[in-house]
């Protein structure tokens, strides 16, 4: 009896360690493979090609065989999407946490859950068809472009921002909620002066994870205007390049070793961006409340 | 001499989470007195205070019937009347909680905060009033050289006096105190009691307490909350 | 003055919330409106069962439905035991720093871009599969499912760990108090009391597997055929959308990708509903 039990326990132990080693081994293999094959291509010329970096940054000269346009494209996408998603997302989150009754909250949350669960390609397809639709309304002016992509991406990350805002606000203790009210604050003053600042760390880390999602998403943008070669985006209505799409494109269309090496380089850059964002979110979740808030 | 009435409740019923705390209670509180509210713990004394500044409305699953009228500027106002400005009410009826609740801001901003919410005052006026209230709350001497450091670094007793100063800055006519000394040591508690005796010159004070000796020391009237009603227990001669 | 300003802001809150909710409906509306010509003629059934042969006028997406299910279910078959094992490792077997470190690594995995998995899949996993089985190109259901396993496991592991942690400690203490081991406590108390959470974690991960585009697009081979073995090339609904969308806007071929969109929308919505129902069950279970 005791023997069987001890064997079972040992079995569980071995199994769980095996799973852990397998999973971590696989991830380390993926990341390690990338770095082993790609580290050599990491250099300034990977990003700027033959153009002097300063000239490229000041937009004096075009970068032809570097990742600069893709990096700029990805950054513009992030900034634009987050600009659209933060006001709407935070406002919805505030409404859910502070104004909506229990019934309304359950009702709206169902929609946000569905939105959060949608495959990104479906959101991309929506962005694409919306662009066609708009093009029919205003012939010739709207086609898939940076603007459409950023709006579609904003829809993709909207549920993240709504949820983190709602959770952060609802997580505040009742005492924090009553203090300012007892001092004559209106409901909105209470939210803006006390509740939002106190839940800032949760909200900010949610926003950073949303940024990570914008940086890595490929499915939405490949349907809404990203192309393999467009240069630095000139306007909201132009085509653009982006790192994740570049990686996808190179993996299937590369013609020589050099192009493939750029693909590896792009993959390493993207991975680093996402990891840095992740670590920032992690650190902020612990630190923000100590730094930003207690200064008057 | 019969003192003027400040607060009058009529048929006040209040329940929280389906539990009745007050049942058809009608009672009056006299002006410029310290009224102590006593009763077995868990009877809802603290919750009762929240019916007087309508703060319970921010707590889910509460319900209230009946009226509460307060005497402001010489006439009685029903504070539950449709459209009664609740933020003004809470400026007139200050509150200090059992556990000191300074906001995560500097000492100065904590005290100035209610005035900033109200708006329309110059920086100089605010500064003068902050100093005045910190002096009234006997905290000025301890903090005047570090007004801009975090209020959360203060000791428990200092934090509670800060909260009192913060409540005073709006010059409330009624002050609700929910066991304000229960989290403090003896010496600090005594300082706060002394402070309350001084404040009652301009202010109607309702004090929830379960320290009998504190009640007999400072209260003018004692009211017991028991089985959903408030009963007048006694008055100081 | 201040009242009106506050009122305006509060109206913005309400507007945003309903706008976001409406968006969910509008997305479905668009799919439906644009896919309608294909569905309206009573062809829903043929769409679901026919093969894809545009030159013959057949726009069935049956191979893609099968491909999607094959790849995602296979990946769940790998990922579920793997995740359960890792969750046990993190919550029960390891302690202190090791457990913390493992959990942080898993959390960090959620931040790895999908396209990276696809990219490394092409150059590392696909050749391995090709050589190991010595058949085909290596771009197949199995390769995609293996990579997808890496993508969905962190979601499941973190959700499992969270469910285990929700079981009140007092129950477990009772087992330890009568001389049980940590592992016995886990199997007799923690796991039985957290199974709704385990099912929810599984469902969420399945949703991610169904909805992922890039891994299948990059390493499943994309052949329009119903896969017969693990080493067959296959195309998912998501890759089908990505591959066909550039077609002529007015063609039936193009309309068919909205049928894919509708299917994906419905699949994931059903999973979300299931999670919510289970969630209600879980609340009740906890009481």
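The letters A, B and C name the chains in turn, as written, and every chain counts its residues from 1.
The working rule: a residue touches a chain if its C-beta (ideal position, glycine included) is under 8 Å from a C-beta of that chain, and two chains touch if they have at least 3 such contacts.
The UniProt protein names, listed by chain, are A = Phosphate transport system permease protein; B = Phosphate transport system ATP-binding protein.
For clarity, every value in this text was computed on a predicted model and none was experimentally measured.
Chain centres computed from CA atoms place B at the largest separation from subunit C. With centres taken as mean C-alpha coordinates, the chain found closest to the middle of all protein C-alpha atoms is A. Per-chain CA centroids place subunit A at a distance of 18 Å from subunit C.
The distance from the centre of subunit A to the centre of subunit B, with each centre set as the mean of the Cα atoms, comes to 47 Å. In whole angstrom, the spacing between the mean C-alpha positions of subunit B and subunit C is 54. Subunit B has no residue in contact with two or more other chains. Annotation for subunit A: residues touching 2 or more other chains are 186.
Every residue of subunit C that touches subunit A in the complex is listed here, in rising order: 6, 9-10, 12-27, 30-31, 34, 81-86, 88-90, 92-93, 102, 104-120, 122-124, 150, 153, 157, 181, 183-184, 187, 207, 210-214, 217-218, 238, 241-242, 245, 249, 257-258, 261, 264-265, 268-269, 271-272, 275-276.
If you check the complex, the residues on subunit A that touch subunit C are 9, 12-13, 15-20, 22-24, 26-27, 29-31, 33-34, 37, 87-89, 91-92, 94-96, 99-100, 108, 110-126, 128-130, 132-133, 155, 158-159, 162, 186-188, 209, 212, 215-216, 218-219, 222-223, 244, 247-248, 251-252, 263, 267, 270-271, 274-275, 277-278, 282. Contacts from subunit A toward subunit B in the complex involve residues 174-186, 189, 193-194, 197-198, 289, 293-296. Within the complex formed with subunit A, the subunit B residues making contact are 53, 55, 58-59, 87-88, 90-91, 94-95, 97, 99, 101, 103-106, 108-109, 113-114, 117-118, 148, 150, 152, 166-167, 170.
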